[in-house]
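Paired with subunit B in one complex and with subunit C in the other, subunit A is shared by the two complexes that follow.
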Partner chain A sequence: MYKLTLIIRYLLKRRITHFAILAVALCVFIVVVVMTIMTGLVEDFKQKNHRFVGDCVVGTDSLVGFPYYEEFMGILKGTNFVEAVSPAVKSYGLLSVRGDNVRRGVEILGIDPVLHARTTDFAQTLHYRAGQPDKAFLPIYDPNALGCVLGIDLALMRSAQGSYVYDDTPMEVAITLTCFPLTAKGAPAKVGAGLVETQHFYYSDHAHTGIAHVDGSCVYIPLEQAQKLCMAGTLQRVNAMHIKLCPDVGLNLGRAKVAALWQEFKRTKADTQDGYLLDAVLVQDWKEYRRAYIAPMEKEQVLLSLMFILVGITTVFIVFVVFYMIVSHKRKDIGVLKSVGTSNISIVALFSGFAFVIGCLGSGVGALAAWLFLSRINWVEGQLFEKFGFQLWDRSIYAIGDIPNHVEFHVLATIVGCAIVSCLIGALFPAYSAARLRPVETLHAGPV
Partner chain B sequence: MLKIEAQSWCDKSGWRDSGSLMLKLFFWLRYLCKRRIVFLSVAAVALSVSLLIVVASLFTGFIAAFERSAVDAIGDIILAAPSGVTFDKYPELVKRLEQTNIVEAATATLSCEGLLHVGKGNVRGVTVWGIEPGPRARVTKLKDALIRQKQMPGEPSFEVPGMPGKVGGFVGIGMVADPNERTDEYDQKAALESMVGQQVLVTTGTMSQFLDGAGEPKRVLVPFSISDIVFTGVYQLDESLVYVPIKTLQEALYPDEKGSPATSVNIRLRPSVDPEMAVVQIRGLWRVFAEEELGWTTYLTGATRIQTAQEMQHQYVVEIRKQMGVLLLVFGVISFSVVVLVFCIFYMIVRLKRKDVAIMKSCGASSAAVAWIFLGFGITVGIMGAGLGAVLGYLITVNINTIEGWIRATFGLKLWQSSVYMFARIPNVVDWEWALILVGLSIAAAATGALMPAALAARTRPVEVLRYE
Partner chain C sequence: MDRSHVILKVAGVRKSYRMGATRVEVLRGVEMTVREGEFVAIVGASGSGKSTLLHILGGLDRPDKGVVQFDGRDLNRIGARELNRYRNELVGFVFQFYHLLDELNVLENIVLPAMVSRSVVGWLLTRRAAKRRAMEMLEQLGLKERVRHKPYQLSGGERQRTAIGRALMNQPRLLLADEPTGNLDSVTGNGILAVFEQLNRAGQTIVMVTHDERIADRAQRVIVLEDGKIRV
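Coming up: the complex of A and B.
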């Protein structure tokens, strides 16, 4: 009880402790704001990638692809842990727009839109045919034409606010795609006869995945057209099969089961025509499959967290100094306490408790301020942009929407915990010094 | 002891002369040696300053490398025809440019997008630049980027070793090799050995125009043999640039045209020429050339982009500077707590040294002199901390690549990858302008922290402090 009394007394009487609370609050505020935004951006990016590829991918990086995918799809559909499967052809092509002398390299994604919509959120990314994947490749202005879906940044310009201007119907634009069809051995097909395949399409819709490099370079076309443009040979091939697992199946378990099925399937096809192409196929969950894109962002998060360790060190210093001062001024009080029987442990506990209270108060104030700031951050950014033309992230360059402002409990708990631990560490030495004080030295009267 | 010494000094030096610098120095050194907690504030200032210097230097180094890479790749100024348009008679334009007193060298480029087939299953989208390697090496740092030819005398060429007469070309190293996953470095020797002389194929296209103005895309194949491999250290360039002879590309894309079509001219300015002024002069020259030689309309002439390499990167540089500003603000706010730390320490010293201060005042020291002792001490702490922080910041920045290598070797964590951050090496040049600003600000922060304790010391009343109870 006396500990609590003393803690409250020191808190109210020693105004220097308010500086320690202020410093802790400031550090917690900054770290909560920055880590919330960073964590939000990383999580948002991860989820977009998850929605783009589905739960699991059976695929190869080679542009040659692999055959016998329909058989394996049949096997997967017969299981009780796979909800949907979508085959896909992935390659590179040259896109040119009729009437325009501009050509650019693009990534081609050949899909069955209905199957792909069951596996990924393809249908939700469409604009004119949103929710209607069966009509994705049917232009509104001419349903008989062979349509293609462009990444949104290929079709439209993004404004500084991150918005696009949509027409009521898609513009009637003829597009030509040129590719190198590759044989099963990876050599260009049609040697001596042009070496390339060209196909005309009509712009039917655009897809907005929120992933910058996909929206800026991806062209979706029907699977059969992609196989004709990019794959030559007697057996139909694809580069990947996107899989959606049943909701009650865990990601790791689902991936392991698919991998086991694939190993068995590969073994049965080992001696068949082009069966060797199955050797380069990997079974990966969405995190592994998109690792090259997700890892850099996670690494930045780690880097920032490491830099904020320095913040913790500053907090430790401040708490140390404040407690050092308090102990210096309260030598007689401590002497009195010890002379009436208080143990060294109790003295340490007293100051540690005091540090804990400072940590809790400072973290509380900092967390509250951070929550208030984050809840208004998008409004603040909007106001800054309107009045001063300043925008933290230019939306025409960065593929983000609103600044993430949802404070994750685990992030907050970690930061508050670290702040309290920093305070305890800072108070450790002064508390130990206080415990070592000898009453006879602190209480003796001065010379007459 | 201190009281006796102070008394002795009062007697010897005479407090009438209250601005005595020697006395202040004495007390500063004394407090520094006796009150070891002061070193904590020095350490805190040093830590904050070093962190801010490292952040500022890395960002400004990155921006400088970003701008420099543009100049190294395309020259000081680029004159580019409107999209989809080519211009003829570029040799005449180059000659006129080189005759001015501002242009050191100029060279033309014919560029297009294409697909490169390198080997089995290896197809990728590329940007194809038709160039003249000799003149280009005078305008850009092309020769330094060529792995095989950079040490060879003379100008670079497209000649394929051991294959005279073959059409040669350069490809970026990222197209023919993957960097080591651990070190993020390319095996340049292996890439050269395996790829030089290899036949590759670029497919691209043009628009064949119909009479009604509509166009039909016409595909064009440009086979060539790899004569050298380009490594600029800029990931995006090494992943996607292919260089072929401009004549080969012209014949492939525009076989019916008799002239010399190009899409842009790259210009290197003479040393100490202001690029902004040069743009104005070049624009005037271009206007005359376009109207007289090409018969272009005013609209088309005006639509031609003439920009410095820095202007082309301006939008991205602005964004990077913004991120730098935000990060410096974040760490600056945290460093504000250093002010609080200095305040706490000095407040404690003033409280402990009240009797000393009272003696000084009773010997005749003015309030201002007493305040200056502590303020000066605060400034000294700031100077020491800032100096130490500057040295630490310098050492970390200059050795950042070594530190990154050590982290990778020890923890297996590759922090810097060229595929993410564009450059193969972390820029490691200290920005001394920012360093000086940060050092100045940290000294001011330390002085601010010492201000209130100094004022408190100045307000000490000797009669209250020294009376015997």
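Coming up: the complex of A and C.
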């Protein structure tokens, strides 16, 4: 009981403990805020990528593509673990607006909009034809014209606040896409002045995936148009098949089943025309397929975690210094306590308990402050932008809506737990030193 | 109480300290006994080893050689746990510089040994009785009006009386006092000695260390410590 009494008194009377609490609170605050935002951004980015590609992809990086996709789609549709599958042609081309000489490089994505909407959230990314993928390539102003869907950043400008200015209907804009069709051998299909294939489209809608490089460079066109523009040969080819697994099928299991089917299918096509193209095809889940984009963010997250380990070490050091000072100042008290029969273990328990209370209070204050700050972070950022023009992320550059501020309870609990453990570690050596003090050394001195 | 009973027996106690490269022998074979109910004063010049001897008697330090027996039990042979119990229940310490805990008030300082000896549950069950005893002592020591005061709000005499109250809280069989009046003026010091005399009349065994022979004369028996040995 005396330990609790002394802990409370030390806590109330010694200003240095208030600084220790503040230091712990600041560390917890920083870690919770940055972890929440960073984790939120990474999770948001992952989910956007997941929604963009579906669960699994059977595809190749080669622009040549691979044939017999319709046959394999038929096999997949016959299984009980695939809900939907859609073929896609992926290539690169040049885009120009009629009346403008500027040509810019774009990523061409040839899709069957209805099938693609079943495997991805394509339908939800549309603006004018939202939820109507069958009409995605039918311009509202002329449903008979051949339409295309542009990535939103190709179609619209973004304000500094991050908002787009939409028109009630899409502007009537004619677009020309130029591409270099490749044969199954990977050679240009044409020679001379007619090397390129050109096709005119009308801007029918734009897609907003929230993935900056997709929204800024992707042009969706009908699958058959893409095949005509980008590929030449007797057999129709695609670059990828996007797959949506049944809800009760796990990602790893589903991918493994698709991979097994693909291996079998590939074997049956080994001796067919252009069958060698199937060798370059991989079966990947969405994380593997989008690895090039997700991995850098995950690496950043790992680096951030390492930085937070340094923050944790700093906390340990701060608590160590504070407790070393407290123990130095409390040598006389330790001697008195020992002279009235306090054991060494009780001295360790006294200072460890003190550290525990500092850890609990500091991390509690830090966690509460972080939670309050995060709950208002978007408002705060809005006010800063409105009054001072400051923005954490320039919305005209980054594909970020609101700053992620959802605090995960398990993350919060882990950070608070780590802070308390850090305090205990920091106090361990000073507490042990205090316990080892010989009372005669501390009591022999004068009153000061 | 059996006044012929030897409560404390010291035989051949030696103690030395290392000071830099040299070793200083402070106690060189001390022999002494204290009977129950006695008021013994140990006198000696500064550096004669009085405080060292008192610390050894109180279990705060261990001798290099020799035997210290309390009630027939050798303090050198008991474990840490028993030694803590010895300091808590069987002896009480009064220091020259009081050594009160600044964060606690007078009452809390006095009940501290009782709190140390009990678990949280044990304390909750017995705290009323402990506080009642502390209040009785505060009344006897003339500190009834100072119960809630902090040590820095007390005079030197009041602080020393608080320290005496703390030393007596667990009703120890032996009270050890290290220069209890050394930091007080003569009037206040006399008051403290009067308290000791009163306690001794009530049966309390007291061993007091002092360098002042006039103060030592207030004790029933005076032991002179000279060059680390008892002068016969």
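Please note the rule applied: the second predicted complex is superposed on the first by the 414 of 448 C-alpha atoms of A that agree within 3 Å, B and C clash if a C-alpha of one lies under 4 Å from a C-alpha of the other, contacts with A are read in each partner's own complex, and residues count from 1 in each chain.
Everything below uses one rule, namely that a contact is a pair of C-beta atoms (placed from the backbone, for glycine too) under 8 Å apart; a residue touches a chain by one contact, two chains touch by 3 or more.
Source: prediction; values computed, not measured.
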item	value
Partner contacting more residues of subunit A (subunit B vs subunit C)	B
Partner chain(s) touched by A:F317 [first = subunit B, second = subunit C, both, neither]	first
Which superposed partner A:V34 touches (first subunit B, second subunit C, both, neither)	first
First (subunit B), second (subunit C), both or neither touched by A:P188	first
Touched partner set for A:M1, first subunit B, second subunit C, both or neither	second
Partner chain(s) touched by A:T198 [first = subunit B, second = subunit C, both, neither]	first
First, second, both or neither for A:L337, with subunit B first and subunit C second	second
Residues of subunit A that lie at the interface with subunit B and also at the interface with subunit C	none
Interface residues, subunit C side, partner subunit A - complex	51-52, 55, 58, 60-61, 80-81, 84-89, 93, 95, 97-104, 108, 112-113, 115-118, 120, 123-124, 127, 166, 183
Complex contact set, residues of subunit A against subunit C	1-2, 4-6, 9-10, 13, 332-333, 335-344, 346, 438-440, 443-444, 446-447
Parts of subunit A lying in touch with subunit B, wherever the complex brings them together	16, 19, 22-23, 26-27, 30, 34, 62-64, 91-94, 96, 98-107, 176, 178-180, 182, 185-188, 194-196, 198, 292, 296, 299, 302-303, 307, 310-311, 313-315, 317-318, 320-322, 324-325, 328-329, 392-394, 397-398
Subunit A-touching residues of subunit B, taken from the complex the two chains share	37, 40-41, 43-44, 47-48, 51, 83-85, 112-115, 117, 119-127, 201, 203-207, 213-217, 219, 221, 315-316, 318-319, 322, 326, 330-331, 333-338, 340-341, 343-345, 347-348, 351-352, 413, 415, 417, 419-420
